[in-house]
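Per-chain numbering from 1; labels A, B, C, D, E and F assigned in written order.
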Amino acid sequence: MQGIKRFINQLRAKSPWLLHFDCGSCNGCDIEILACLTPVYDVERFGIIHVGNPFHADLLLTSGTVNHRNKKVLANLYSQMPSPKIVVAIGACGLSGGIFREAYNVVGGIDKVIPVDVYVPGCPPKPEAIIDGVVLGLGKLQAPQERNGERKEA
Amino acid sequence: MRKTVIPFGPQHPVLPEPIHLKLTVEDERIIEAIPNLGYVHRGLERLADIRDFHQMIQVVERVCGICSVIHALCYCQGIEEIMGVEVPPRARYLRVMWSELHRIQSHLLWLGLFADSFGFESLFMQFWRVREKIMDISEATTGNRVIVSVNVIGGVRRNPDPEQIRWVLAQIDWVEAELQRLEDTMLEDYTVKKRTVGKGVLTRQQAYELGAVGPVLRGSGVAQDARQTGYAAYGELHFEPVVETDGDCYARNKVRFRETLASIDLIRRAIHRLPDGEVRTKIKGIKPPQGETVNRVEQPRGELLYYLKGSGQKTLDRVRIRTPTFANIPPLLVMLPGHFLSDVPVVTLSIDPCISCTER
Amino acid sequence: MTETAVLILCGLIAGPVVGGLVSGLDRILTARMQSRIGPPLLQPFFDVVKLLAKEPLVVNVWQAFCAYCYIAAASIALVLFFLQSDLLLIFFVQAVGAVFLVVGALSSTSPYSQIGAHRELLQILSYEPLLVLVVVGFYLETGSFKLTDIYAWPHPMLLKLPFLFIVLGYALTIKLRKSPFDLSTCHHAHQELVKGLLTDYSGPFLALTEIGHWFEVVLMLGVCTLFWATSWIGMAVLLAVTYFLEVLVDNVTSRMNWRWMLSYVWGVGLTLSLVNLIWLHQG
Amino acid sequence: MREEIMAVSAEALVGEVAKLKVLGYRLVTLSCTELDASNLDILYHFDKDLGLKHLRLTAPKAAAVPSISPVYFAALLVENEIQDFFGLRFEGLVVDYRGTLYLEEEALKTPYCRFSLRSADQREGPAAALDAETNHPNAEKF
Amino acid sequence: MDIRAMLTVILVMAPFGGAILCIVLGSSKAIRSAIVLATGAVLIVSALMLAPLVPFRLSAATFLGVDLHRIIQVADVALLLIILYYGFKHRQLTVIVLAALQLGLTIYLEGFLVKGPLPVERIFCDHLSLMMVLIISIVGSIICFQAIPYMENHEHHYHVMRSRQPRFFFVMLLFLGGMNGLVLFDDLVFMYFFFEMTTLCSFLLIGHDRTTIATRNALRALWMNSVGGAAFILGIIAAYHETGSLGLQKILTPWLAGSGVYLLALALLCLAAFVKAAQFPFQSWLLGAMVAPTPVSALLHSSTMVKVGVYMALRLAPGFTGTLLSQSVAVFGAFSFLAGAALAVGQSNGKKVLAYSTISNLGLIFACTGLNTAESMIAAMLLLAFHAVVKAMLFLSVGAIEQHIESRDIEDMRGLYAVMPLTALITVSGVIMMIMPPFGVLLSKWMAMEAAAQNLYVIVMVALGSALTVIYWARWAGTLMSDPFAGRFRPEHQPALTWLALGPLCIGSALLSVGAPWLYLRMIAPMMMGPYSPAYAFKAGGLENAYGTFAILPLSVVATLGLVVAAVALKRAFRAKIVSPYLSGLQTGEPSMFRGPMNQSVKAEAKNYYLDTIFGEARLTDWVNLGGGILLTLILGGAL
Amino acid sequence: MFRMTPNIVRNLVVRKSTRMYPVEVREPFAQVRGELFNDIERCIFCGTCEVKCPSQCIQVDKKACIWTCDPFACVFCGVCVDTCPAKSLYQKTKYRSPTGERIIISQQGQPRKKDKAKDRAGESGTPKGSGEEKADPGGDPAT
């Protein structure tokens, strides 16, 4: 039983399907995320598919600042993802609101709304950094019990 | 009739950015499209209250990552105009170079996304593969891939050496060669044409009156491009706008593709005529901006307008940004009805929407 | 009896194994065509196992039910194929799966899944008649609908049914959900319908539909082998070429819309098959 | 500003704009700035063959301004935006979002009215609560 | 008296008796119900008792001492006079002309043409008749049972002051008797009488509600069927002229196939059959008939009366084997199959979908009849039986649904599972039985396709048509289950008689499907003689012939197993977390609502595709009528 | 319809354009603006960076000589680096790596006079300041 569990957890890290939600980003981070999918970085090597649908996703990549309108969307999407799930916040905006922290319609980073597992700093982060972040997230996917989010949900 | 109501976006794989369209369709034919914005609205114009006019450069760059260079350029030109700062010639040429590089990457990005919007995944991959080269140029010459932070008031921050310039030339040659290989597919392929020709038609009259800008306007046969005003060094580079007359998605596609090639050409010419000398005028000691101005430049998506107003303080009274997509959304709303659901991504993408620019 | 049992087992195992491998190969080939490296060959299996281990979320329990029915029908169809049963019957059983998939998608209230379901219906509408005509072509040639007789036929069928093979190609492209016919749902989700038909399936239920799809892929490829059933080499070459062409077409075309699909597939497909059938009738 | 600016009154506005349309001008945009606690300054930018022309309207916040969106459909977005930002009412908008184009209830109302905002903090209810937990380092600067 | 004769008399006369009782005593609900139930029970029992006794021939010379032929002559004239009366009452010129024509022809036939004493062996009951009798008696009675609560509700809903139910049940029961008579008699004149009787019953029942539209559609049905009647009597005259006989079995003498007049006679009889079965271009009466209360639609317009058409064609088929007429009937039938399916795709009115589907299936039966091989005849008969049962059940479900949600539009049935779960499930299983193996309808369709493979025109149309069929059924089934409440099961209340009708029909049709091999062996194989040789062997739990095999029993077993597994899995799914469907991240928590522009809640809804631009009635009707008309002309012209 | 075919076939035969990150790591270009560091030894706590930073993510406590930076808010624009009078700030070419939790950089330096700083600019002083990266307790996510 234990072996099977470990095996499955290993497979989880081999097939992370990601959902990208642009949560009020300036596109800088978005295009870098997209760039990861394209030939030069080709994250499909790791089995990553951009599924575009929370029901199929294991990994939520969010970029940008949370604002009052999109925070509901963000929470909705998160709730539609089947666990185990990992949230990776991309870019200064997603981490803390970045340069827009003080703007009136900015709530702050992603973690104001949903639990974040990995923070990828940068404005925007390089595709390499995003890949690093995803890999870090995969580690957490393999050991779901240590996850931040799980703790919260339990 | 049987109406289907579809929430299209904000999270939707064909929309790279969150915008919501409440689509009412009948048997897949759109009869009404009502947009809802505000998913990217940050309110950064208001940040001018707490950031001084230098810091605002970084802020307006982050209006949008795809067109950041030109945002900063427009902003700096506006401030320079109010403050009466003269920009050194080398800086003006470098500004052209970086602007055009930026335009190329933005257009390549769009060409890829557009290919994706009609389900041509491999073409998407090819455009983005080529685009990485431009990103490399950015990274090497400015220090960052996307938001390059290269414009400052009074000039530019980096001064590439001749070695680098030669390297840039070699890279864009490669890009041009690759693009020519893709041209046949993007402009002549049967399935591509089937999906784009006759879709989202905007007549010349409509485009003009609805205030369309950029490739949307030029795709409808109006030869208007803010670069014709000759800002930066465009006046000396004999710039010619690219025009197509059909006004459909295919025409816009063609405009953008040809513009990409034209930009490569512009870079070559700019580099060719690149003067030596300073790249940055010192502005120490000049009073902070006082007065108001309107400045316009050409973004990849069309004409960008900054209205700046200062009252001699470190912070500006008002920064108002009218981005090209903001101007192109009303034409989009006119174009959508009557098309099929499967054309929504194509028609929407054909204006190259940039929501973060629109909402700021 | 034992032989039957072995064949049944073969069908049940070959479906997922071969189907998964084929789709793994497909992904690699696609990646290479796009100048990428692509995932490992076993990636589809990783995906499915992972999906099976995910938390089950449902939007409507009937969807889950339909997923089971889909995979059941798909596997039965393949088993019948291995048992060399009646070809027409096999297609009918296969259609059951397709219908259940549609019903499942319709049972969600999301417009994406519903529109996807309707597009899938239109896809069924496009390829079903073609498949029937292909089967009729076999019948006219061999005088039987039974696979035993068709496999026993001493001449390569391709020589007599070349147009019907092209027609089957259309059906195959639709069934494999490849461009230009990936309308109801597609492998890469950059589509106006998100994931269309499969939008609201998730976790284990999505895995079921995926495995069901593998069964169908193997079944369709099996039907392709009928066209050169006289030698193993011919069969293998035919399969390889067909599949390569499928992937190629997927990569050199954009997605079209269903109106085009219906008129094109019916127009060209029916004409081609009629030409071929009349030829068979005369000859 | 380099280009000419023509002052208009609210009553003459639509007529003036219609006249420009006949002359072949197209609307570029509107720029709105708060002058003081009760007045707004609206600039209407027009363009013809890359030449600009501006109309300047000084509008009291309390009174509604006639919308020019029936003349120029393109004005619809920007007028809605000004409704959001400054709380000014435009009468006769083709599609009226009533101040919800960008903003949710929790967000600041009329965020660009710094004079009035300073006097009466309009944040209330959930917005205020959210503010408290956001605790911007520069919050006091607002 | 011979038991067979007794049963025959009961099967024909008991409903008449019941009918008369209904109109005399039926003003009280209880008595009326009792009469209907009793009649139904008698019919069911006698039909079942008849089963082991077939085939047989009986002579029937007199009834209660009067010459039977004389009775029929008088009744015939009376019937035509009644029709004439209705024609005058509603000032419908077509009806008057056609009725007068028929009257004239009847008198000509009876008075001038028919000479000499007629043979009295008038009753002929083989397995085909038996199958019809079973359908009429069992399915028909069940439908009448459900009509009891239905009509109660119906009148309640329409605020009918004076109940017209006695009249309603009078006609319904009368009709049952007429139908039994039609299939048990072999004498063409008798058949003609009963044929006209069903026409009249249909007219009365369609117009039952007396609304303008009901009256109009009833009149349309009347005049169209009168065309059929006229063709019928003309056919009789031609047949008598050619063969000198009025016995159906007698006139089917293949050696006459070369004769033009003989073929014309058969073609005319086929024409009558086409009209009765509402084939294109006569489909409009059947669609109009959908305004009638739903039990009427179930009884007359799907499972019994329209089947008269195919019954006649099946009877006539041996008479035209190998002729051009046969070919054209096949093409005509296939065309109807395709056109009916296409038009059904364009419909959102549930009853109209059912109506078109009926037309379509009848078309397939005609096509099989026209193909005229052993396999195709088997297919035709199986389809006849299965279609009757399943379609009746679907009609009754729609009736129940209609009364509950007050709409018969498929769009309004969206998420019906949440409102009436059991009925929804029964409807869905009906749909499944219509399109999926191993159920009987598909079994017969499979046989039909394999039989049709030789005929390119037919197979192409059948292939297209069956794909279209899948569309409209699957769409409907999905719509019923499209439940925003995600599958919570609520109890549902229906009158006991409704369950009594729906339950047995549902279970019965499933069992019948499993029993298809025996149905074939017992009921159909014995009839495969003359030009037809028994085609299928019962092997390994399936039916198999030289070129095809359909493993019914193994598939049924596997399907049942699969169902059990899926049901177990369903239990797991019931425990799973239920989430809102994908709405681009905008869902608000209420079912299918999303947060749209201007911060408003908007309902996300998707409507089915009806492809009006391709398959809409307005678009297609003229074309299919033209097509049907041309083919019909070809049939009649080709016969000459 | 098959105009893309030459490209596809070409892609099949020529080298793939994929960079095998993380197996092979490409050298970053020179002058790339990566992770920000403060050579706290040199810092004179003048506060210029705090004033100039467009993201306002630096706080300089002039009295206690603490230089704090929120790396999650930093946009790596390099303005602080350009304006730092003591040239104590610098950016590496490597980007800042992702982490699992919130971090605040806080560095404690030694108080010193402005003019002194210029003298000592050339010297390589022994590190006296202590830099630390610590998890920020305030960064607890809210659900």
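One rule holds in what follows: contacts are C-beta pairs under 8 Å (C-beta built on N, C-alpha and C of every residue); 3 or more make two chains touch, one makes a residue touch a chain.
These numbers come from a predicted model, not from an experiment.
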Chains contacting each of chain B and chain C, listed by label: A, E, F
Joint neighbours of chain E and chain A, given as chain labels: B, C, D
Pair of chains whose C-beta contact count is the highest in the structure: C-E
Far-end chain from chain E, centres as C-alpha averages: F
CA centroid of chain A to CA centroid of chain C, Å: 34
Euclidean distance of C-alpha centroids - chain E vs chain F, Å: 81
Gap in Å, rounded to a whole number, between the CA centres of chain D and chain A: 37
Distance between the centres, which are taken as Cα means, of chain D and chain C, whole angstrom: 57
Per-residue multi-chain contacts in chain E, two or more chains: 579-580, 582-586, 597-598, 604-606, 608-609
For chain D, residues contacting two or more additional chains: 100, 102-104, 111, 133, 137-138, 141-142
Multi-partner residues of chain F (each touching 2 or more other chains): 1, 3-4, 8, 11, 16-18, 54-56, 75-77, 142
Touching residues on chain D, where the partner in the complex is chain A: 102-104, 106-108, 111, 130, 133-134, 136-139, 141-142
Partner chain D, residues of chain E touching it in the complex: 597-599
Chain D contact footprint on chain B (complex, rising order): 34, 37-38, 41, 43, 45-46, 49-50, 208-211, 224, 226, 228-229, 291-294, 296, 303, 305, 307, 309, 317-318, 320, 322, 326-327, 329-331, 334, 359
Complex interface listing, chain D residues touching chain B: 1-3, 21, 26-29, 31-33, 43, 45, 49-50, 52, 54, 72-74, 76-78, 95, 100-104, 111-112, 114, 138, 141-142
Chain C-touching residues of chain E, taken from the complex the two chains share: 415, 417, 428, 435-437, 442, 446, 449-450, 453, 456, 459-460, 462-464, 466-468, 470-471, 473-475, 477-479, 481-484, 486-487, 546-551, 555, 558-559, 562, 565-567, 569-570, 572-574, 576-584, 591-592, 604-606, 608-609, 614
